[in-house]
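Chains here go by letter, A, B, C, D, E and F, matching the order in which they are written, and residues are numbered from 1 within each.
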Amino acid sequence: MSSAALLILVLTLPVAGILLVVVGGGRQARGISLAVLVGNFAVAVGIGGAVCRTGRAVTYSSGGWTAPLGIQLRADGLSVVMLITAAVVALAVGVYAPNEFAVRRGGVETRRSLAFWSLLLAVSCAMNAIFLGNDFFNLYVALELLTFAAVPLVCLTGTRATLEAALRYLLFALTGSALYLLGVALLYGNYGTLDITKLSGLVRYEPGMPLWVAVALMTSGLAAKTALFPLHLWLPPAHGGAPPSASALLSALVVKGSFFLTVRLWFDTVPGQAGMRTGQLLGAMGAGAIVVGGVLALKQERLKLLIAYSTVAQIGYLFLMFPLAGHVGALSGGMLQAAAHAFAKASMFLGAGLMAEVAGSDRLDGLRGMGRALPLTTCAFVLAALSLVGVPPTGGFMAKWQLLSAAFSAGQWWWVVVILCGGLLAGGYMFRAVRPTLVEGIQPAAAIPRLREWVVLALAVCALLLGGFSKKVLELLDIGRPQITEMRP
Amino acid sequence: MSEIFGFTAACLVGLGLYGLIVHSSALRKILSFNVLGSGIFLLLGVIARRGAAAGLVADPVPQALVITGIVVAFSATALGVALIRRLDEDDEEEGEP
Amino acid sequence: MSEALDVFTRIAVSLGAMFFLAGTVGLLRFPDTLSRLHALTKADNLGLGLIVLGLLPQVAWPFGALKLVLVWVLVLAASAASSQLVARKVRGGKDRS
Amino acid sequence: MTMKPFSMIALGWPMFLLCGLLIRPLRKWLPRLLWLAPLPAFILVFFEDVGAPVTLLLGAAAALWSIGGWAVPSYFPGGRPGVGFIACWLLTLTGSLGVFLVEDRVGFLVFYALVSLPAYGLVVSEGTPPARRAGRIYLGFAILGENLLLAAFVILSRGVMPLPPIATALLIAGFGAKIALLPLHFWMPLSYTAAPIPAAAVLSGAAVKAGIIGLLRFLPMETTPVMWGGLLVTVGFCGAFYGVAVGLTQCHPKTILAYSSVSQMGFLAVIIGMGVATHDGSVATLAAFYGAHHVLAKGVLFLAVGACAARPSLTVAPAALIGLGLAGLPLTGGALAKLAVKAPFGYGPAATLASLSAAGTALLMTHFLFRLADARKNPAVSSGGGLAPWLLGAVACIAFPWVALSMTGLSWSDVVAPVALWKTLWPVLLGGTAGVFLRRIRIPKIPAGDILALATPAVRTAQGAARALGHLDTTLRHWPVACGALLVIVLALLFAAWL
Amino acid sequence: MREFYLLAGVFILLTVAVGLTRVLLGPRGADRMMAAQLLGSGGIAAMLLTAAGLESAAALDVALTFALLAAVAAVAFTKSSGRAARTEED
Amino acid sequence: MNAVYGLFAGLSALLLVVAGFAVVTRRHFAAVVGFTAFGLLLSLAWVALAAPDVALTEAAVGGGVTGVLLLSASVQMRAKMEVLPSWGVRFIAAVLAAIVTAGLMLVVLMLPDEAPTLAPAAKESLAFTGMGNPATAVLMAYRALDTMLEKVVLLLALVAVWSLGRDHFWGGRPDFDFSTQTSGPLLLLARVLVPVGVLVGIYLFWVGADEPGGAFAGGALIAAMGLLAFFAGVARPPLVGSGWLRWAVVAGIAVFLIVGFGGFWGAGDFLAYPDGLAKPVIVVIEVAMTLSIALTLVLLVVGPPGRRP
């Protein structure tokens, strides 16, 4: 097996895990899943090593059938960064997962134990498939896999509100993927291939209205699945209502899946071809997300809803990379933001879960005294908040730095204003989230295993380290990128 | 000639989208989603038919994509209906305590 | 020979189509559910039978013919059973489980 | 982040102490060890060549942090402040010293954030509603400044020369928020009044100088366009007089000191502005000298507020010396500082204004001294803690400028010359006399935070806007609207791409 | 001849489609179901004719599949709990 | 040729009318019935578009399992009439949808005259796979990865549906409307139809390698027969906790994975088939897949466990 075969391994390992969990039942689910997730992480790192070593993208054609007839998997710098991020978050969520998802030795399988672990592995599998896919239809299947993993995670508790949120999420996500598929169909109809590399070669010589119809359809479909403002209707109830482990996965990873595809579409398939206006439009929606999400987060009274609205706002930053495409820092800034937000947001949701377990609810005014009850979690909470606000030297800061740098070199100062306003709003809502935990107060005694607290802290530290090692990450992101020779006029 | 179906496909997409927007009940949205999906599949079918070459009456690749797509659409329908049923059951329990 | 068969096919198929037309008229014009059911089951089974009969000489023996006949038999069985069920249901839902 | 190895030790040491918080037995002892935290940095000043401005400011800041740290236990019941207070103290300390030592831009921002954000914990540590309000406003300003600087630094790092005006403006606004330049000043009186005395001391003395070193480092006097110097001078003078004027209406000694800080920082901005306006790089050292004196003077004056209940006799007199010294009482450190910065002002109207501002300082300080004397009877203001640190600080404050005099290029003879003596004396006399007279007059009271009171309509507008956005969100989250929006986005994207 | 098949198929389809108005008119669930049944057998007939018209052997399999499934929907209708179907009658 | 044209036009018109009806009508039940009819017409369209594999799949899924699924849901729906938004909203929605439709029509017209196609490539490689049906070759060889992932989607949908059950019913049987009191006609139907249907299902997947058919169509047909058996009370939905069920559900993907990794050993690549053995290997996969698909579809329709184990 060559190192390229690692690509197929990282795809099939979680699948094998799902099968084992389904067959083995809930009893062994935790052990199997954790083993698979550790393996997944190791393989992801292995792919990263291979990419770094060769300095080029690693590709693999399944079954030896080369594109365009066959399906190619391709790992470049972007894939590697996101693969490792996703692997870390998934593993952390697995370790964190509370007893409610475990079955005691000799006990019988429960609904949640079976569902949670197989869905966790499925999220991992789908994320890997999305990060490695180089074929738009293959990516469609991966995207749907992600949806099917994400929707039931929302309503794992089975309360009416979460069921409704899940249904709404499912329907909107389906609408989005239908539009995406429509675009894919048009691409095939025009170019006779779905392979991203091949397509990027073809569209350069034959752009035209059908291409832009396809791109518009795919982009808006993906934006719906990413919950980009104003298409965020499903996100707050879904992410705010799901169990914390699930919310962490949903906010940190799931929305990044469709976003990553958008990046593939704009930066790999039609690089430098779209006019100024499309990018500005996407950026404007991102700006709307930053402002509206930020203000709404400020108004929330429940911690998890606050964090969910903060996700709406943070997604906005991701889309600022599109108007700045072609300028140094746009792509890397967006990807850094995706990774940093993944770590920080996962940490916050998991931390919020622990706090809610202790306090009995996640109302903000009930969190006093958390600093004493859960010192590690509170510490993680503060760190994660700092990253989301973009305080140096966190990953969030480096991401903003890159985006600002791109905005300046593009001469588009308005994005600077947006980013700065977003920073202030983020400071405000994160302050609202963090402050009660630091105030003196009395919390009921609850036995939270230390390990779970450490996981939360580890994720926050990852967000911090991402800033510290941002230079390395930026170098890695550049590997295997198509050379954009022509800049936009 | 297969353009006729191309137009039909476009209309189906439009119908599906219209239904998705206006319906308040989830079941009808799922139905509309299926209409929308059928439109997309039909478009792929037209593309496949147009790609007839090398002695094949149609390009098999889009056809295979449609088959995969149908499976996915069915899975989505099943999940959606399961959610609707569950919500209905909850309604009943609340209505008849 | 084949021309004679063709003529036979044309006649049978046309007759079958007429039965379908009749079924439709019945479905639309008959006053109540049960009589509509009655008209319908008769008409469409006969219509399909005639068409199968008409097509029999035109298909490959024996497999195609077997399939054709099988189709008809299956539709007969299905329609017999399901119209029974529908009728029972209409008459008061005795069959409720 | 790049810095010299010894700097790493100097900054690593407080972090190391911070880790001590994790060990339960150490936690008890840590408050008594706070004075140790800045020592490596203090020692570093004598051995490492970090440039004159940094040497001056860092030395003074490290000294103040040490003295303040010594005073901390006496201000808390049982000598044990909360873990959060200790952590915030050490973090702010690290940031405060780090901004002087770090060499690259990103590193500077890191330490700048460190000196700004954890200080929130120091401001609110009393937990009263006014403290919380002050903390909120403080944090808002810290984040605002941080964001403005982020944008400025991104432009800086692009290496475009000359610096675009927008970057300079952002830098001045960002650092201005830290040093309370008008009109970004109102957080300062609120925070310093709310913070416990040792915290107020180090914040007002040492922490604000992060803004000064930032201005000195990133607005090089030789290259920054003259226009900006003019702006700094104008804004600075406004602040200098405004601080005095509003300070006179205050009663609480801490608030008065805070307004004095507004005034002094304004004056410091004037000095820097003069340097920029004349493209004279040597002014940086002079500004640093002035700043270093202010570090110690303002810091120990806060300690005096705390100490005065214990031994008024040992408090008020030295405080008078230091306070009037700030205004330039001859032969005090303040006079040295005023003399040192005389040169850039020349003999024009600027010099007159400078002297007038010194008179204003004397006036304000007289007001402060009266209030300080009153405060000894008011346990709510002065608890009588930290006498020894105060005395040590007072000595340091008086001695320091003489020790460092050589760095300014002044000589003994310049200082004791009769002309120089008179030049520094008359404003003090004028201000002091006015202060004595002013005690008879009833001055209307202005709430601390002055123009903040005007912000109410703005807050109401913001709340209205937030409510409107809330409605917008509710509307957009209706299914038909969102679905329709999806289609509109498809069409808009297509339209945009196709044209 | 092939044209004849196709035309006959279209004719049957159109005919039974007219019957679909019953789905619209109701009044009972059973009426709607029956109309669909009619379309089912009509569709099978059309499928057979199309199979002949387009000479597509596989279409026979499709017809076979429909023949098998024709009953399933009707059974599903009758077996599903009758509550809603009855409420619709009044 | 005119007749083909007529067929296309007639089918198109009918498709639109029926789909429009299914979308616009305010009665849920009528909409579902309309949609079932739509599925039938759609398969006809697939036949007309020379895509018999798709037609079979559409027929088996649309006529069978989807129909049952939607019917059961619509019958359970308490509110029988749809509450539509105001005229304005509907009008705007219609305008937006119409613009999208018009745009798509334009794009259809603008599709390149010389349609890009992978048909020659698919045809050329067909010999290596040893199969006669290019669609199956695409599904099982060229794009086998898609097919595998799609099976994971199906499995995941099952897990998702199961996860919607209630905790105290876990491990029990789905509360599907199976009969306690069996009536004659239904029993007869089940006894006649089910064996034939299963046979036809097996036939469909068996011929799939060389002729239109395939695992999914076969599996879906068998699944529909399974549902019929439940309706008739001849069989009962299985306990979701039972071990054999779990094995059967994952069998398809498991075999896929095993064959895939066997490919490394036998042919040097994941999911590469050894020379000359391609067809038998694919048939093995399809057997397992048909089983898994049939079972999964049945379970998807009958829903989560609703009775205590």
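Please note the rule applied: a residue touches a chain if its C-beta (ideal position, glycine included) is under 8 Å from a C-beta of that chain, and two chains touch if they have at least 3 such contacts.
These figures come from a predicted structure and were not determined experimentally.
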{"item": "Distance in touch steps, counted as few as possible, from subunit C out to subunit D", "value": "2"}
{"item": "Chain whose averaged C-alpha position falls nearest the assembly-wide average", "value": "A"}
{"item": "Chain pair that, of all pairs, has the most C-beta pairs in contact", "value": "B-F"}
{"item": "Most remote chain, CA-based centroid, reference being subunit F", "value": "D"}
{"item": "Taking each chain's C-alpha mean as its centre, the one farthest from subunit B", "value": "D"}
{"item": "Centre-to-centre distance between subunit D and subunit A (centres being mean Cα positions), rounded to whole Å", "value": "41"}
{"item": "Interchain centroid distance [CA atoms averaged], subunit C/subunit E, Å", "value": "11"}
{"item": "Euclidean distance of C-alpha centroids - subunit B vs subunit E, Å", "value": "20"}
{"item": "Where subunit B and subunit C are represented by their mean Cα positions, the distance between them in whole Å", "value": "30"}
{"item": "Junction residues of subunit C, two or more chains touched", "value": "70, 74, 77-78, 81-82, 85, 88, 95, 97"}
{"item": "Multi-partner residues of subunit F (at least 2 other chains)", "value": "4, 11, 48, 50, 53, 72, 74, 76-78, 85, 89, 93, 96-97, 100, 103-104, 111, 115-118, 122, 142-143, 146, 150, 153, 156-157, 160, 164, 177, 179, 186, 189, 193, 196"}
{"item": "Interface hub residues of subunit A, defined as touching at least two other chains", "value": "69, 137, 141, 144, 148, 151-152, 155, 158, 163, 175, 182, 186, 188-189, 192, 209, 213"}
{"item": "Chain pairs that touch, as defined at the top of this document", "value": "A-B, A-D, A-F, B-D, B-F, C-E, C-F, D-F, E-F"}
{"item": "Residues on subunit D engaged by subunit A in the complex (per definition of touch)", "value": "1, 82, 84, 106, 109-110, 112-113, 117, 121, 127, 136, 139-140, 143-144, 146-148, 150-151, 154-155, 157-158, 166, 465-466, 469-470, 472-473, 476-479, 482-483, 485-486, 489-494, 496-499"}
{"item": "Sites on subunit C touched by subunit E in the complex", "value": "6, 9-10, 13-14, 16-17, 20-21, 23-24, 27-28, 33, 36-37, 40, 44-45, 47-48, 51-52, 55, 58-60, 64, 67-68, 70-72, 74-75, 77-79, 81-83, 85-86, 88-90, 93, 95-97"}
{"item": "Of all residues in subunit A, those that touch subunit B in their complex", "value": "69, 137, 141, 144, 147-148, 151-152, 155, 158, 160, 163-164, 166-167, 170-171, 174-175, 178, 181-182, 185-186, 188-189, 192"}
{"item": "Residues on subunit F engaged by subunit B in the complex (per definition of touch)", "value": "4-5, 8-9, 11-12, 15-16, 19-20, 22-24, 28, 31-32, 35, 38, 42, 45-46, 48-51, 53-54, 57-58, 61, 65-66, 69-70, 72-74, 76-79, 82-85, 89-90, 93-94, 96-98, 100-102, 104-105, 108-109, 111, 115-120, 122-124, 134-135, 137-139, 142-143, 146-147, 150, 153-154, 156-157, 160-161, 164, 214, 216, 297, 300-301, 303-304"}
{"item": "Sites on subunit F touched by subunit C in the complex", "value": "177-181, 183, 185-186, 188-189, 192-193, 196"}
